[in-house]
Amino acid sequence: MDKQMERQTEELANAYLARQMSRRTFVTRLLALGIAPAAVGAIVAACSSAATTVPSVPPAPSSGGSSPAASLGPQPSPSAADLKGNVRFLIGPWSSDEVAHHQHIAQGFNAIYPNVTFDFRLYQWDTASQEINTSLTEGAHDIYMTTESSYPDYESKTGFSDLTSKITDPSFAGELAKYQYMDRIKSYGPKILGLPISFHVEDAMFVNMDMVQAAGFDEHFIDSYPTFLDCVTKMTKKGQTYGMGIGIQLGGYAEWYQRLRAAGGSYLTPDLKSPNVNLPAVVEVTDQMASLFKLGIAPPLGTYTYDAAPAAFAAGKMAIYSSDLASTTALPASVPFTWKLLPYPPGPVSQVNFNDLSIYMINSKTADQDLAWEVVKWWTNGSSDAYWADNSGTYPARSDAATLGYGTNSAPQLAEALPLFQAHAVGLENFPQWSDVENLAEAEIQNCYAGKETAAQAVANVEKIVKQEVGI
Amino acid sequence: MSAAVEPRHGAPAALAAIAAEHARSRRGRRLRGLGKHAILIVVTLLLVAPFYYVVLASFKNSTEIFTYPPKLLPIPPFLGNYQKLLGSTGFLRWMFNTLLVAGTVTLVKVFMDSMAGYALAKLQLTGKRLIFLSMLILLMVPLGALIVPLWALVNAMGLTNTYLALILPPLANPLGVFLMRQFILGLPKDLENAARLDGVSEFGIYRRIILPLIKPGLVVLAVIIFTDQFMSFIWPLIATSSDDLQVLTVGVAALRSHGGADYGLWSAAAVMSLVPIGVFFFVLQRQFLARSLAGALKQ
Amino acid sequence: MTTTASTTDSATGTQYAIEILGVTKRYGKITALGGVDLDIEPGEFVVLLGPSGCGKSTLLKIIAGLEDLTEGEVYIGGKLANYLKPSARDVAMVFQNYALYPHMTVRANIGFPLKMAGRPKGEIEQQVAFASGLLQIGSELDKYPDELSGGQRQRVALGRAIVRQPLAFLMDEPLSNLDALLRVQMRSELLRLHKRVGRTTVYVTHDQIEAMTMADRVVVMRNGLIQQIGPPDEVYRRPANRFVASFVGSPPMNILDGRIETADGRRRFAGPIPVEIPGLAGATLDDGPAAIGIRSEELVLTGVGTAGSFPAVIELVEPVGADIFLTATVEGGAIITIRVDAETNVAEGENVQVSIAPGAIRVFDGAGDRVRLTSDAA
Amino acid sequence: MRLSPGQHRQLRRQARLKRELTAWLFLGPMFVFFVVFLVVPVVGTVWWSTQAGGIVGGTTNVGLQNFQRLPDLVGATTAIQNTLIFALLSIPPILIGALAISLVLARIGRGAAAYRFFVYFPVLVPGVVAGLIWLFLTNVDFGLFDNVLRAFGVQPVTWLGSDTALGVLAALDVWRNVGYWAIFFVAAIIGLPEELYQAANLDGASTAKRFWYLTLPLMRRILFFAIVVSTIWGLQVFDTALVLTNGGPGTATTTIIFRVWQYVFGTNDKVGFAAAISLVLIAAILTLTLTQMRLLRSRRGDD
């Protein structure tokens, strides 16, 4: 601890002991100073025992549950003694040390509420929806990190707790304002099931700028499809380097979808009544992507998996690869070239970058809903979000994350690229079967990349899938 | 098995002729013997090479794994993969769960199957044929094809996320009953008759006469059930979602997609997964090989 | 069930060890036993004799309770046994293959029934020692069955039966798995044992020598029906029918087919050889097909001209130790066997003259049943 | 007869009942599990296949609609096709390879135990682990296969590409199952009557002729059994496909059970389709089983 930090800590402790701030604020502020949660816990404990006679927080309401009174006025946080139990998480594996990051956040929580314990289970991206669905019905976990892509589906069902009253409670309004993407969550229906933690770009382009330069281009090569194609063709060195790696994401997640949107298509028309896939422009962009394979610019499907792509990129085997931002955590710390994150080139109609959110939600089967809510609030607060997003290679959903330490650990390319991605951001369409359609559609399109179907056939099949899944 | 290799009582003339022929071609025979060994060594190498390659990888760090030409001996061995596997994944818990579930299923099933086999082989039972036939017909239906109704059933029973969800459905497999029935049918009927006259109850006959006499069969059955259980994947994947109940196969499959490719960790997991079954195999070789034969549902 | 059984018991007041009343056994359409009646006295050695498939083993198993009967009743010691479990019937059985428990020592095998009956250890040891001493297997007690010879296994099986001290022993071809020499030896040992232990024994065999040498009474069976019950001598001398006549005795009785004819008010048998049958006149017998039977030892080689003798040609001479069996053809082409003593000097192809010992001829009617002749002894 | 037929009937019924009861005490525990967790689910599949909806929450009966729509369902026919191709690719090499190995292994003296150990070991590898191991063989950068190719100066191959992935999956299956059937055949060959071979030797039959005219015909029941059972197993491929290729690229390795699993837990309200596809699989397996039972029974006479 350096001198300045020591002084700040002392000031905070004095303020806390003088009951000028709550224990919760005290902990949050200590964490914001960059003190390790374990150390924070020790400091808080020391302060508390130094002032045993001093009640650290106002007394909590005696009755648990969402009493009518709760919605009437500001609800004070429960006292440390009040919260106890075990909270079981089911979370997505963003980075290889995912559980460690959560344990870090949990330590902070425990500094305030020492009687709460945590279990973390990671689902697999391949089997995420199965695992979440069975866990929900089995009541196996309390808090889930879900992705926006399945949100419309969850919204239409009853497995997750409806948090609308808690989130819209006036006492929460101040906090709520700091969540940047609440509008998007609210847009899926009347219920609000959770709080966002990250804004995530699926399929950014990881670009080796040295090779771009060597091919005679700069970062503006993505401004139009022809220059993009020209550049990746020039960067392709047979038997050595592929210009553009696609189909690397698991199931090609959302890779084609953003092209579909860029070509003016979508799975459904805005009224969600009929499919909007089989358009000439969509066939055209699909054919464009398939031709990357035909021309030998893209490595054949199956050459580089999601797991293997970062290493191959770092080794110069691909000049560009398309993956989600979590891939930044998998890249080696030092890469012998300069690289950038860039969005996809524009399509015939517009330039689109597909984004989604990660959201924390609560199992409706969970007994202690209040405890779960406290935990969700903690996990999505500014410092937790800053810490987690920084370590998982995503963008925090909280506006205050930037001031609470975000950006200290993640690749600098991330922050640099955010404005680009935000400029072209588009989310999913609001119908419950979106993720099912997406999974089946991308697999179908990959059949076209593999040369087993023409672009027209694949697009027609996707339209068929849309009809089947949505039931129109 | 060795008894069966011995020549049957054949015509002495034939044996003599063969002996003469063999003497003449002893040299050719030795060559042919070498050829056979050569073939088997090649086959063995082909089958074992993947294991070696993975074991090798498990002792390399992430850069060494990618090195070409690959190091063919892991010297000095890198132990970080194993440290990580045992230290920061639930591997030991998964292993414990697998052994617990497989062990319980094996124990319960060996007893239930041998009892049912005894009933079907020896006891008077109306509709015995029908029951046996239905077991024989459903023998081959895999759990994977039944996940919809099975999950609904287990969920309705409130068993999801309990050990029971992992243990109970595999108990339904009728293969063991079939095997036990065959084994028990092979015992002379007079033995149980003698026991009946000696004043032994039916359960006593099962316990004091049948069980000791089919002991080899019981071991084979135990090996079959245990290995099948050890390998099972789709049902444990679906039946439980709690971390505490994760079995080895499910846990290892999960490692596969946890952010980034940790090849070293994967190879260590693959190697460690094979340790218990390899040890069992080494100890119970004969029974494991008989496992294959027991699959010979030859009527 | 016990009440029913004991009522029957007192109602009949029977003194039989085993009573079999109208026992029928059917497997589907096949009848294994077609209504068998048999009473067995206490201490009696009864042999069930017949070719394989005649139902003798089935009957034994029904007595033991190892098979259900279709109809009829079995009483053991006066109690209805039909519905008693085998161990409650107070019988012990010796099986053809001995049925020793392969995973137990000889000692454990012999003591097993007592152990199951919950007898104290000391008693079991004492009984095992007694039985093994009786059977001369005292030194084999700690061996396992597969370390024993066939004869020793046989003794262990007997020992296991003896220790129970049952009301009756049931033996299912116990000697059939032994070689010829051992079989003869065990036969006499069994008999000695029977004399010492003195228990009712029901013994099943297809070997008529065993039956003749061991039985107090022989029960000859065929196709699930009793053909004849009687002491061995009676079964041998006065077979109830052609089947018994040809099944019992070695060589089998000579049976010659012919017809009963009445001519000139005299009834005579017209067959391949000329015979005089003294008691035929008064016998209840119609004209028609019939047969006569003569034991081989009751045919005598005589000189030409002896009254009632007939010529025959010797086809085969088989010396069997003390005797010689002669196979000969008579004029009509029928084949007979003659038993002569070893001293007799005959050669194959020789023409001989044969006469019949007095009273040696049995007559069987068209249905094969023996006809009682007026000359027969009572 | 001292007891009336009526009395006998009653006593017989009592005795019979007691014996049946005893038998049920023995069979009962297993039978309950058999019915609850096998018979009921099989019958349940029929019911579920007529439903539309999710596995939790309500469903509605749609009759045979699921089956009618099945051929038109994008991916359903592909899954069935993939499974059949997989079976066709894997089963002949498994059985022919196993037979070849067993012919050598059955008549070898020294080292037989060691060979059997190694030949059999891959059989004990769980599908998930096998998938993991094969990732190390098929990886483009450091996989064993491509490293061997490189050593011979051949361009590396994308083993898990959409044209080859199913073949690799089949090869994995061959690796995993060839030992099982090899040991199985070894036992069968050892059990063949030696006299016939001695007679054939005297007749001067060559090794090839002996195999063709003796071994093959003598083993035809066993071979038939092996074909049916390995086909049934082949139809169930799932875990290796999940770990090695995740059903892809595209739908190249999406098998029947993979599809069922996707439809049950991966997507919304398609549980009826899942059951319908399952039922097709179950019907295929039962048909194979029954065919085998019938053929083996009718041929028993001439063996």
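Letters A, B, C and D mark the chains in the order given here, with residues in each chain numbered from 1 onward.
As a working rule, contacts are C-beta pairs under 8 Å (C-beta built on N, C-alpha and C of every residue); 3 or more make two chains touch, one makes a residue touch a chain.
Please read these numbers as outputs of a predicted model, since none were measured by experiment.
Student: Assuming subunit A simply isn't there, give the groups of remaining chains that still touch in a chain of contacts.
Tutor: When subunit A drops out of the picture, the chain contacts still join everything into one piece.
Student: Show me the overlap between the contact partners of subunit C and those of subunit D.
Tutor: B
Student: Please tell me whether A-D or B-C has the greater number of C-beta pairs in contact.
Tutor: Looking at contacts between chains, A-D has the larger number.
Student: Please identify the chain with the largest separation between its CA centroid and the CA centroid of subunit D.
Tutor: Of all chains, C has its centre farthest from that of subunit D.
Student: Centroid of subunit A to centroid of subunit C, CA atoms only: how many Å?
Tutor: Their C-alpha centroids are separated by 95 Å.
Student: At what distance in angstrom does the C-alpha mean of subunit D lie from that of subunit A?
Tutor: A distance of 41 Å separates the two centres.
Student: Roughly how far is subunit B from subunit C, going centre to centre by Cα mean, in whole Å?
Tutor: 55
Student: Quick one: subunit B and subunit D, Cα centre-to-centre, how many Å?
Tutor: Chain centres of subunit B and subunit D, defined by C-alpha means, are spaced 15 Å apart.
Student: Give me the residue numbers in subunit D that touch at least two other chains, ranges are fine.
Tutor: Where subunit D meets two or more other chains at a single residue, that happens at 56, 139, 141, 242, 261, 264-265.
Student: Where in subunit C do residues touch at least two different other chains?
Tutor: none
Student: Got the subunit A residues that touch at least 2 other chains?
Tutor: Correct list: 126-127, 130-131, 134, 137, 250, 305, 308, 311, 315.
Student: On the basis of the stated criterion, which chains touch which? Give every pair.
Tutor: A-B, A-D, B-C, B-D, C-D
Student: Within the complex, which stretch of subunit C touches subunit D?
Tutor: 1, 4, 8, 11-12, 21-22, 72-73, 80, 82-83
Student: Using the touch definition from the top, list the residues of subunit D that touch subunit A in their complex.
Tutor: Of all residues in subunit D, those touching subunit A are 56-57, 69, 72-75, 139-141, 155, 158-165, 242, 245-252, 254, 261-262, 264-268, 270.
Student: In the complex of these two chains, what residues of subunit A are touching subunit D?
Tutor: Residue list for subunit A touching subunit D: 126-127, 129-131, 133-134, 137, 153, 157, 239, 247, 250-251, 299-305, 308, 311-312, 315, 317, 432-433, 436, 439-440, 443-452, 461, 464-465, 468-469.
Student: Under the stated contact criterion, what part of subunit B meets subunit A in this complex?
Tutor: 66, 88, 151, 155, 160-161, 237-238, 240-243, 246, 253-254, 256-262
Student: Would you tell me which residues of subunit A are touching subunit B in their complex?
Tutor: Interface residues on subunit A, with respect to subunit B: 88, 90, 93-96, 98-100, 119-127, 130-131, 134-135, 137-141, 250, 305-308, 310-311, 315, 326, 329-330.
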